[in-house]
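Each of the next two complexes has chain A plus one other chain: chain B in the first, chain C in the second.
Up next is the complex of A and B:
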C-alpha cells in the first residue's frame, strides 16, 4: 500500500513544482515544462514493452496463461503510454518547430513503434483459439521488442533530428541538468513507473478474476 | 492568480481524481479476490 501512496505523493509534488518553478529551458520557454511529462511517459513505454517481452519469453518456456495475460496487459499499456508520448511530443513540436508533425526521425520511429504494437493488439483480437493466440502473440512480442532499442535509441541519434538530443545525459555519459530540475525529473520518472506498475497489476488481477468467473 | 497556477490546479484535480479512482478500484479488486 505504501508505494501507492508514494505514487500519489510523487506525481502531486511533480505537478505542483513544475508549474511553480521557472521553465527548465529558458530558450524554449513555457513549453519546456512538458519535458517532465514527455520523457517519463516515453521511458514507461520502453519499460512496458520490455515487460511484455519478458512475459512472452516466460510464457513460451512455462506455458502458464498468466504470463500471456501479463504480456498482453504490458503491451496494451505500452501502446497507451506511446500515444501519450506522441501527443505530448506533438504539442512541444508545435511550439518549438511550428508544426505538430514534421516526420522527424524521432517522430517517425515512434510512429513505426505504434504500428508494430498496434499490429500486436490486432493480432491478439484476430485469433480466437487461446493457445494459438498466446503462442503467436508471444513470438510476435519478442520479435517486436528487438526493434525497440533500435527505434528509440539508435535511429534518432544516427539521423539528423530536430528533437533535443541528450537532454538529460550527454554523449560523455554525464548528467547535464541542474540539481533542482534533475530531482523533479527523477521524482516524475519514479512516479510514472510506479503508476504503470500499479495499473498493470490491477488490470492483470481484473482479467484473472474475470477468467475465474467465466470458467 | 497567474495562468500557470490555474493550469496547475486543473492538472492536480485531474490527477487526484485518477488517483482516488485507482485506490477505490484497488480496494474493490481486493474484496473480490477475498470472495
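Up next is the complex of A and C:
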C-alpha cells in the first residue's frame, strides 16, 4: 500500500516541479523539459522487456500459466511505453534536430524494440490454444532478448556517422547535471517504474480473476 | 561414445535425406525460393535501369533479396510437416535435437543453393563487383549460418500458428536485424576490395551471432516441439 502512495507523491512532485523550475538545459530551452518524461518512459520500455524475458524463462521451467500472463502483460505495457517513448522522442527530435525521425542509434533501438513487441503480440494473437500460445511466445521472447546485445553493439557503429547532432543527447548523460535536476529526474525514474509495476500488478490480477470467473 | 555420436550423425543425415528426397520429388520450396529471388532481382534491376548504384546500395539490395527469398522458402521445412500431419510420427521416431539438426542442415543447403543462383545473377544483372573474394565467401558462409540458425526455430514456431506466411517475416526481422546490418557492412567492404583484416571485426560479430543463435535455438527447440 505504502508504495502506491509513494508513486502518487513522486509523480505529482515531478509534474509540478518540472513545469515550475527553469528548463534543465539552456541551449535547448523549454523543449528540454521533455527529458523528465521521455527518459523514464524509455527506461520502463526496457524494464518491461526484461520482465517479459524473466517471466518467459520462469514459464518454460515451471509451466505455471501465471507466468505466461505476467509475460504477456509486461509485453503489452512495454509496447504502450515504447510507443510513448517513440512519440515523445520524435517531438523532441523535431525541435532539436529539425526532423521527427533521424535514425540515430537511440531512435533505431527503440524502434526495434517496438518491432519486437509488435511481433510478440502478433504471434500471441495468431495462436488459439492456450498452452501452445504460452510456450511459443515464451520461446520467442527469450530469442528476441538474446539479440539485444548484438543490437547494442552493431547499431551505433552504423548510424553514428550520420548524426553528429547526437552529442546533444550525450551531453545529458554526463554527470555534470546540477543536483536539483538530477534529483527530479531520479524521482521521475522511480515514479514511472512504480507506476509500471502498479499497472502490471493490476492487469495480472484482472486477467487472473477473469479466468477464474470463466472456468 | 564414438559409437553414440556416429549414430546421432547418421540419424541427422537420414532426416536430412528424407527432406531432401521429398523436396526433389516436389521441388516446392526450391522452386518457390529461386523464382522469388529471380523475380525480386528483376524488379530491382528494372527499377534501377540506367542508374549506377554505389557498392553500399548494391550490398544492401543483395541481402534484402536474400532475406525476403529466405522468408518465402525457409519456413516450409516445418510447415510441410504440419500440413501433411506427419509431425506426430516424426516425434515418435526421432528426438527433438535430431529433428532440429536435420532441419537446420536442410535449410542451410537450401540457402546455399539460393545463393549459388543469386550471386552470379546479381553480378550479371546489377554489375555487382567483388574485389575480395575470400572476404565475400566467408561473409556468405557465416551469414547463411546465422540466418539459418535464427530462422529455423522461428519456422518451427510459425508452423504452429495460424497465419504462417506473414508471421514468419514479422517474427524474423527484428531478430535478424543485427545480422543483416553487419552483413551489409562487410559485403560492402568485400566489394570495395578491403583487406581481410579490415573486415575481421564484423566477421567476429557474424561468428558470435551464429554461435549464440545456434546454442539458443537448440536449447529452446525442445519447448517448441514437445507439446
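The working rule: the second predicted complex is superposed on the first by the 188 of 215 C-alpha atoms of A that agree within 3 Å, B and C clash if a C-alpha of one lies under 4 Å from a C-alpha of the other, contacts with A are read in each partner's own complex, and residues count from 1 in each chain.
Keep in mind that, in the parts below, a residue touches a chain if its C-beta (ideal position, glycine included) is under 8 Å from a C-beta of that chain, and two chains touch if they have at least 3 such contacts.
All figures in this text were calculated on a predicted structure; none of them were measured in a lab.
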Touched partner set for A:88, first chain B, second chain C, both or neither: neither
Most chain A residues touched (candidates chain B, chain C): C
First, second, both or neither for A:193, with chain B first and chain C second: neither
Partner chain(s) touched by A:127 [first = chain B, second = chain C, both, neither]: second
First (chain B), second (chain C), both or neither touched by A:102: neither
Interface residues of chain A shared between complexes with chain B and chain C: none
Chain A - residues contacting chain C, complex: 60, 112, 115-116, 118-119, 122-123, 126-128, 131-132, 135-136, 138-140, 142-144, 146-147, 150-151, 153-155, 158
Touch list for chain C against partner chain A, complex: 150, 153-154, 157, 160-163, 167, 170-171, 173-175, 177-179, 181-182, 185, 205, 209, 212-213, 216-217, 220, 223-224, 226-227
Residues of chain B touching chain A in the complex: 4-5, 7-8, 11-12, 15-16, 19, 22-23, 25-26, 29, 32-33
Complex contact set, residues of chain A against chain B: 4, 7-8, 11-12, 15-16, 19-20, 30, 198-199, 202, 205-206, 209
